[in-house]
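Per-chain numbering from 1; labels A, B, C and D assigned in written order.
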Amino acid sequence: MEGKDARRIRLGMVGGGTGAFIGAVHRLVARMDGHYELLAGALSADPARARSSAAALGIAPERTYDDFREMARREAARADGIDVVAIVTPNHLHHPIAMAFLDAGIHVICDKPLTTTVGEAVELVQKVRSSGLLFALTHNYTGFPLVRQAREMVAAGELGEIRVIQVEYPQDWLATPLEHTGHKQADWRTDPARSGAGGCVGDLGTHAFNLAAFMSGLELRELAAEATTFIPGRRLDDHVQVMLRYEGGARGLLWASQVATGSENGLRVRLFGTRAGLDFEQENPNQMRFTPLGEPPRLLRRAGPGLGSAAAAATRIPPGHPEGYLEGFAQIYTDFAQQLRSRWQQRTSPPHSLLVPTVEDGARGVKFISAVLESSQKGGAWVDARLPVP
Amino acid sequence: MEGKDARRIRLGMVGGGTGAFIGAVHRLVARMDGHYELLAGALSADPARARSSAAALGIAPERTYDDFREMARREAARADGIDVVAIVTPNHLHHPIAMAFLDAGIHVICDKPLTTTVGEAVELVQKVRSSGLLFALTHNYTGFPLVRQAREMVAAGELGEIRVIQVEYPQDWLATPLEHTGHKQADWRTDPARSGAGGCVGDLGTHAFNLAAFMSGLELRELAAEATTFIPGRRLDDHVQVMLRYEGGARGLLWASQVATGSENGLRVRLFGTRAGLDFEQENPNQMRFTPLGEPPRLLRRAGPGLGSAAAAATRIPPGHPEGYLEGFAQIYTDFAQQLRSRWQQRTSPPHSLLVPTVEDGARGVKFISAVLESSQKGGAWVDARLPVP
Amino acid sequence: MEGKDARRIRLGMVGGGTGAFIGAVHRLVARMDGHYELLAGALSADPARARSSAAALGIAPERTYDDFREMARREAARADGIDVVAIVTPNHLHHPIAMAFLDAGIHVICDKPLTTTVGEAVELVQKVRSSGLLFALTHNYTGFPLVRQAREMVAAGELGEIRVIQVEYPQDWLATPLEHTGHKQADWRTDPARSGAGGCVGDLGTHAFNLAAFMSGLELRELAAEATTFIPGRRLDDHVQVMLRYEGGARGLLWASQVATGSENGLRVRLFGTRAGLDFEQENPNQMRFTPLGEPPRLLRRAGPGLGSAAAAATRIPPGHPEGYLEGFAQIYTDFAQQLRSRWQQRTSPPHSLLVPTVEDGARGVKFISAVLESSQKGGAWVDARLPVP
Amino acid sequence: MEGKDARRIRLGMVGGGTGAFIGAVHRLVARMDGHYELLAGALSADPARARSSAAALGIAPERTYDDFREMARREAARADGIDVVAIVTPNHLHHPIAMAFLDAGIHVICDKPLTTTVGEAVELVQKVRSSGLLFALTHNYTGFPLVRQAREMVAAGELGEIRVIQVEYPQDWLATPLEHTGHKQADWRTDPARSGAGGCVGDLGTHAFNLAAFMSGLELRELAAEATTFIPGRRLDDHVQVMLRYEGGARGLLWASQVATGSENGLRVRLFGTRAGLDFEQENPNQMRFTPLGEPPRLLRRAGPGLGSAAAAATRIPPGHPEGYLEGFAQIYTDFAQQLRSRWQQRTSPPHSLLVPTVEDGARGVKFISAVLESSQKGGAWVDARLPVP
């Protein structure tokens, strides 16, 4: 997973200034496996914010841009220019930005949905094809090991012919008129000018649609749908329900909602084939239920027995370590970093630095081992477990 | 979370050469939030492996060391020497390495257990205290947001007085004599010379003990235990069961096993107080069950309602995005990197690169949005959902 | 719950001869709380089977009938005639049988669906109204305590206004052409003459529809649907997907399937209101998820804290005793009965009788208590736990 | 299931007067499969309560007794005397009552724990053996189909040799000094004179111990334990923790608690063998996790694929119908009975009678089927779903 076997890939970013959620996520995940270094950016349409954001990220002033077109042109002209641009702006800007960088010969990683109109999407498809450049859309849920396992199993015929596909994606963050409270993301997500004509269907529906297609390998043929806006005054749909007909005869339902009270991020795909079924829930991505007809259900576990090479290629850690294991682990390093920086600045430690396990904690652990073995050797007698240090 | 508000912290590493599991994890998590850069290493006791590992990680040859003592001395002497060393060797080396770097004035991050004897542990405690340096032990499970939430709730009295603590940590990876098959980690984990006197109790028991102490804030007073070796010929315990008596009167059980068939990494802590109970399972770290006496159980969800500042400080992403969300997302970036490198090397793309969502996938999604809205506007009529691109 | 505060209710049954699943269930549940005694029956259209079935159930020969019309007439004429008839035949007979007994002045309990045509259904509604008799349809899922809790909460406004209703009912028992293998129930369930025009929609869809209506208290206004038959040659639908529009503006989806591979009996209703959501899964009926907007999800547990009077009225046993507790307990009594009857018939005990806990098991338990207390008094010393009886 | 193939077994009961929990449960489960009729009883030590309780249950006055010894003598003398007595008194009376009925030649079903001393237990073992009579102890949890499946799998060697047994049984009903509030059951459960020397260990510990023994087939050899009383002034233990050594070398822990805040009835047994593990939780008795080493975990489902004859013999209903299905179903019958009795008494219907599904509900369901098929035939057009009856 560690990518230093060649030079690191030079990355630029458009959008994602300080405070933007998805930009920070793109940067974090780009760092995770060590393949990229962030060297250039047009991080905000507001020049002052673009510059302060870039400075905070260590981007050199001469590679900090106010305008994405200028960035595309100048980076293309540098010998050490970026290899790839990551586009993390509101939806309506994906198309012009992607076109500009593709024109400049720079590969593209783009957030979803691709564009706000079908015409722009088709134009972009043709541009990518004619340019010969790489283009990735961050439908991130396809990166889960068990999602790839699902796709591999379907392709290998382990489900037989797929008859039924059930997809759902409930959230509740827009169950109230949040966009009227000054909430920045709610504002642009419900604005047709920036999000496109689809609200919930664009934000959640496309993820759900994409994941079902990725796992099943099936092409959608027809749909019948109803988009609803529950919040008075909202300008885009906040709930959508769809009946699906796939090529080959599979049937299905898809629903996505931003008003499903009590839901967090419940993306779920269920596939039912002639031989077996599969059930994947994004909120519990370390496990997938596999139900061969007439046999007990099996739990396919990330990194566990019975998985194939596609899942293995996307796996970093052993079974039973939920993927959050890495974040938990990173937290120790990060807290330690804060502790150290406080020291450098001769500030007192911030309160959470106290959460880093200390050498005394370690000594207590060693005493624990010693006490357990002593008690065991004494036939289970009670022994003192306290550390002999004040 | 992104740490460039000051210069990055200069990190060195001892142990963790190519192929070592925990060293790679330390490096990944050190990269995640952008606080560190890895600049020096003594990555293996085998000089050739130390050098090839360092080269693969981009460590400069002049900061690649065969010997940790030399590394401590020379890094301490450099103006740009490392700030912190991460120790990721087998257990028996933790003590001498930590002592060497502390003597050289370098802060330490050390894997657990701290040492292999209580005497060494106490010596290290005293050294850290007298040096004034920072020292962190990577009991990584304490970094989970909900674990910190638990600690905060206990401290605030929300559980009342804790009466019962139940801790368990079952695994099954040593349910067969794996150490006789050439398995490198099984070999040193079952070797008293490298692991110390505790097998399962050292590897798993200390994590369990530490997590219970971290969450409950209670000090263990006495224990009665039995350590068992189930695999004939194994030199260390592979199962341990312990009765616990805490200061203040709480009672509890702790068990850890490497032969609990069908278990992955089942670390779980349950606290039962006079007012409420808490249940945290490491394999499902996005949720914690909180059970106030006489009220319906509540599910505390990472980043969800009702959480305090300690959890918030350790949280990167919104509710419902399981922490593996980041790994899944990173996978898209990493696959893209591999695809790009293949391109540079004029190799054909490796098969898994095909898994990166393409511009056509994006266009299909835009068409999906458009078709949903069209059908909805036509009163739910069936409409064509196919992309108008060959 | 025990109903002997007045004389027991005299019950008759039409359908439900030996081997019929649902007839045996009706009899068992009628016995459970002690309110009924089964005194008359026309248990099969086949006279020989009707008589042998009645004899096995202890029904007197003079109250064993070949014909339901004769039964209605003669029971109505007896001073000790039945109070109530239970109708458990295939669907197409529900209407004539119910009409006959209502005409005879006898109350009716009827299996679902009510009839096979809307015209018959309306006729029956009018007959019940004009007769002044009681009529119950056994939509048994409405009897779960937590389902009644849901209805009560909705009625009390705890969910606010309901916006979205999601209902599903997947099974997989007809995923293969089972009706061609001589399977009796599969045969009539897929036969339009006996089941009516709806296959899956009649068998499962009506349960799903009814449960959603019961819980939400909402009236369905419009639907748009697609019924599919996946198994070649099958004469009725085996999968149905429906979009729903309720009075007042709620939207929803309902799907039911007999080919959802790996599903058992997955009836689930989710309600999302402006203030909170509710999630009930029939396969886990002791728990319901209640999610007030902006608060941690709460688990409402059967007989647990926070429940109202409707749930209490339908509750037999304390919290944590899953409802199967009673069946498990009954099994001991039933095994014991078999053991005793074997004894009477001087047969050796059947193998499963050995599963009844014995007096020796009880003595071992007493020894266990004694040993625990002895060890505890000896400060946790190991003590012998074996029974001092050979 | 239905036991009328011979005459019903004549049952008597000692204890279990009006308001007693466990007596009502014994009666309900004795009715469930139709094998027994309750004909005699000494239901309370208080003669007036004994008589009113018997009358409410329809027991004839001449078979209503004030004294269990008289009941044993007189029932033994009747030609139609009881075959079996069920003993449901506080623990300290089990021994004298069982002895009296065995002396009278009457078979015994007895609640647990068997007796309050080991001496009494041994005496009872010997009496049962010498009498040749049947004796069952109602360790009801052994009646679950999946518990029997577990026992059968262990006996067949599917787990290999069992190494580790983990048993737990947490409750929280005595987390406060409930016995000082006039709570009848709390009062005798914490009274050494009526419960014996064990509190939590007698009430819960014996169930846990028995279930582990039943599933594993292993005999306990030694234990080391600590019994604790957390509530000041309580006269018996309310928490117990035990280390176990089984014959053959298996190790284990058992804990039971009446103060585990937030627990309902959490009896759980986990077995870990050389080949596989099993995990059964009483609160979710329709599923058992089976984990063969090196294979994906399998979910054994009650009545589902892969089960053996022992489970089948204890199974009443198809897969996916949780065992509470029967209670839910019975509720409809019981509500209907109440509705009918209200009618007889010319009372207005009690509110919950309204919960019985009506003929209108049935007609709505038929309309639903019809509307679904109509919409499907019209290509998914929206159609009216309302019932054409006012």
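Going forward, a residue touches a chain if its C-beta (ideal position, glycine included) is under 8 Å from a C-beta of that chain, and two chains touch if they have at least 3 such contacts.
Computed from a predicted model, the values in this text were never measured in an experiment.
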Same vs different contact residues, subunit B with subunit C, by half of numbers used: same
Reference subunit A; chain at largest CA-centroid distance: D
Between subunit B and subunit D, centroid-to-centroid distance (C-alpha), Å: 43
Distance from the mean Cα position of subunit D to that of subunit A, given in whole angstrom: 48
Where subunit C and subunit D are represented by their mean Cα positions, the distance between them in whole Å: 20
Where subunit A touches two or more other chains at once, by residue number: 224, 226, 243, 263, 290, 297, 301, 304, 380-382
Partner subunit A, residues of subunit D touching it in the complex: 224, 243, 290, 294-301, 304-306, 380
Touching residues (chain side subunit D, partner subunit B) in the complex: 159, 163-164, 166, 168, 170, 172, 175-176, 224, 226, 228, 230, 239, 241, 243, 251-253, 255, 257, 259-263, 270, 272-277, 279, 289-293, 297, 379-382
